[in-house]
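Take a look at these structures.
Okay, so subunit A shows up in both of these, paired with subunit B first and subunit C after.
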Partner chain A sequence: MAYSNKVIDHYENPRNVGSFDKDDASVATGMVGAPACGDVMKLQIKVSADGIIEDAKFKTYGCGSAIASSSLVTEWVKGKSLDEAQQIKNTDIAQELALPPVKIHCSILAEDAIKAAIADYKQKHGG
Partner chain B sequence: MKLPIYLDYAATTPVDPRVAEKMMQYLTMDGEFGNPASRSHRFGWQAEEAVEIARSQIAELVNADPREIVFTSGATESNNLAIKGAADFYHKKGKHLITVKTEHKATLDTMRQLEREGYEVTYLEPQTDGLVTIAMLEAAIRPDTSVISVMFVNNEIGVVQDIAAIGELCRSKGIIFHVDAAQAAGKVDIDLQALKVDLMSFSAHKAYGPKGIGALFVRRKPRIRLEAQMHGGGHERGMRSGTLPTHQIVGMGEAFRLAKLEMHDEIKRITALRDRLLEGVKDIEQVFLNGNREHRVPHITNISFNYVEGESLIMALKDIAVSSGSACTSASLEPSYVLRALGMSDELAHSSIRFSIGRFTTEQQIDHTIKIVHQAIEKLRAMSPLWDMYKDGIDLNTVAWVAH
Partner chain C sequence: MNYFQLFNLPAKFDLDLTELGSRYLKLQKQFHPDQHSSGSERDKLLAVQHTANINDAYHSLKQPLLRAEHLLALRGLKISHEQRSFTDPLFLMQQMELREQLAEIDQSDDPDSVIDSIDEQLQQQKKVLQHQLADALDAETAEQDQLAADLIRKLKFFYKLQQELELIEQQLQD
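Let's turn to the complex of A and B:
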């Protein structure tokens, strides 16, 4: 498969791989996808008291574009407020990485991961 | 070392330089370019002679009569001609056919087409080791079963079916037996005097010959009849019309001649390389060899690396040309239907890599492969949430995944 240089760069040098302590109150976790589908993304965000995403980490089981999509969103969410991060669209991810049509689901999954992490944060902090 | 390392010999093999050299003599004005069907001049006669020598060379590898070899464009066409041709010709006997779920698409899609034409097909599910048993076949056979098709060596996992026993069963029931031997010729001993096989498909490019040429063995005693699928000048005793491509045929003949001469030494050498590869990766946790351990060719090794996704693994192995058990790299995102038919979970099927070793593989290449595999697995598992969960003792089957 002919991947864009951006996908290959994120795949070969993934940004922000790792985990935070999930029991830390400032940390929220979004896990989306299923092993049977070939992709599972875990995105964690660390949110400051004033609602800004200070840091983000990911772990992904999936193809090159799934890894690249999750790596990219960890960069994008950093410094954003939860509301701003909520606005990130899969089409932006797909466009930035020039994903081929059969890999669009990876960008959808990355968007879902952000939304799941934000939802987890809101649930942890009483909505 | 020249990179990438080619470990996809099951997809295709390079043409052996000795074969290419031979083929070049049958193309230009200075060579034997004639039409083998031209009966009125030397050009035709010489081309015909070359074709007949090649036909004998192919027959010799599998202990058949040269008159039993019909040239086709490859194993896909051979499978089509064998299955459709026999089903059509013997349709009065019955319209039930049997095959196996792990067959090549050239067989499965041919069967699907026959279903659309009113035939009934039973697709056997093999054991989890990839083999079909005589009991399974016996249970599936009906009075109206006309053709059974089982491949000799599986292209994804390399297991070898018990063709001799299946042949006995088919012959005792008067059922035509077709075998797709695309991955078997030159890899296992084939003796068509002993095997009760009626039709057998061959490919040149899996055995160091050129692409675009193959053959179908059509037994003479007892005589098997076929309805032609390609009509025209009545070449190949009416079974397959079309001008014979002399250079391709000569290439296939030379490739099969070399296979007969060298296959036993080659099998030993490739077995040693395969063992070296397995030895090199066996200390990685959660690694599984797919398919029966004994009844297999050494050329094809299919390994699952649990908790690592196949396509990203292939990307990480970019210096090694292998193929994924997962078809992620094509338009389809389905995991390999062959591995699924063995009862393997989708995720393990997604995590599988086929390494296929061949004539030009070296020890040095295998050692480098082992090194790269270790690095890739380490990197991807460090990135894999599933690996973390496995390490934390979480049973992934109990997790409520959100399928997408």
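Let's turn to the complex of A and C:
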């Protein structure tokens, strides 16, 4: 399959790969997986006291499109409020990376990962 | 289409694979397009169509996960084309750790023994999940069917890990 240049760029130079200490109170973690292809994605956000995402990291085991989708999302969420980050849609990710229809589920995975991380943060901080 | 009915076998997860194999061969022979070469165009087309169905049915029943998916589909729970993300954090954490172990194999002094030990782990986990899946499917309740669907999703991750491990093993040999 032919990957778009943007996918290849994120795949070869993934941004923000790694982990934060999950026990840090300002850190929240989203874990999601896609049974159909066995991809596993971890997306972490570091949130400031006033609710702004200061930093984000990811670790993804999966195809190029899954890695590119999570890499892109970590770039997008930095500097955003939790509510703004919540608005990220998989269609925006798919469009930005020019994902073909068979790879749309990778962008869904990335959207679900950031939503899971936000949910984890809200749960950690009581609502 | 009910694949179990096609082979006249009970719709159960625990399936006699030898019996399935022999019924498959019999049906395939019976409907082979060559047998219908003297028939009308319509008969020939139907025979081709039927042969394709028989092949699909056989391959779906032979493979445990596809068989389980077909059973659930017959009960009205279709999961084979779902695009929903799996979100069980503990399970995914464990998957992540296994993936990390796979990624570190090539840095090991004795990669073969690491591969063997991971392989043993995967087989063991698969066995447990498959056992639970068989029990859940046997119960034939809506609640247990949902559990079965989740077990199928989990097993898919393990099948993928197994594939990845085999790939690494091949690369090390080359």
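Keep this in mind: the second predicted complex is superposed on the first by the 123 of 127 C-alpha atoms of A that agree within 3 Å, B and C clash if a C-alpha of one lies under 4 Å from a C-alpha of the other, contacts with A are read in each partner's own complex, and residues count from 1 in each chain.
Everything that follows uses one rule, which is that a contact is a pair of C-beta atoms (placed from the backbone, for glycine too) under 8 Å apart; a residue touches a chain by one contact, two chains touch by 3 or more.
This one's a predicted model, so the numbers in the text were calculated from it and none came from an experiment.
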item	value
First, second, both or neither for A:123, with subunit B first and subunit C second	neither
Contacts of A:102 with subunit B and subunit C, given as first, second, both or neither	first
Contacts of A:11 with subunit B and subunit C, given as first, second, both or neither	first
Dominant contact partner of subunit A by residue count, subunit C or subunit B	B
Which of subunit B and subunit C A:91 touches, first, second, both or neither	neither
Which superposed partner A:48 touches (first subunit B, second subunit C, both, neither)	neither
Doubly contacted subunit A residues - partners subunit C and subunit B	31-38, 40, 42, 59, 61, 105, 108-109, 112
Interfacial residue positions of subunit B with respect to subunit A in the complex	307-312, 315, 326, 328-329, 331, 333, 335, 345-347, 350, 382-388, 396, 401-404
Residue numbers on subunit A that touch subunit C, as the complex places them	29, 31-38, 40, 42, 59, 61, 104-105, 108-109, 112-113, 116
In the complex with subunit B, residue positions of subunit A that touch it	1, 3, 8, 11, 14, 17, 19, 31-42, 59-64, 66-67, 102, 105, 108-109, 112
Subunit A partner contacts - residues on subunit C that touch it in the complex	82-83, 85-87, 89, 91-93, 95-96, 99, 103, 152-154, 156-157, 159-161, 163-164
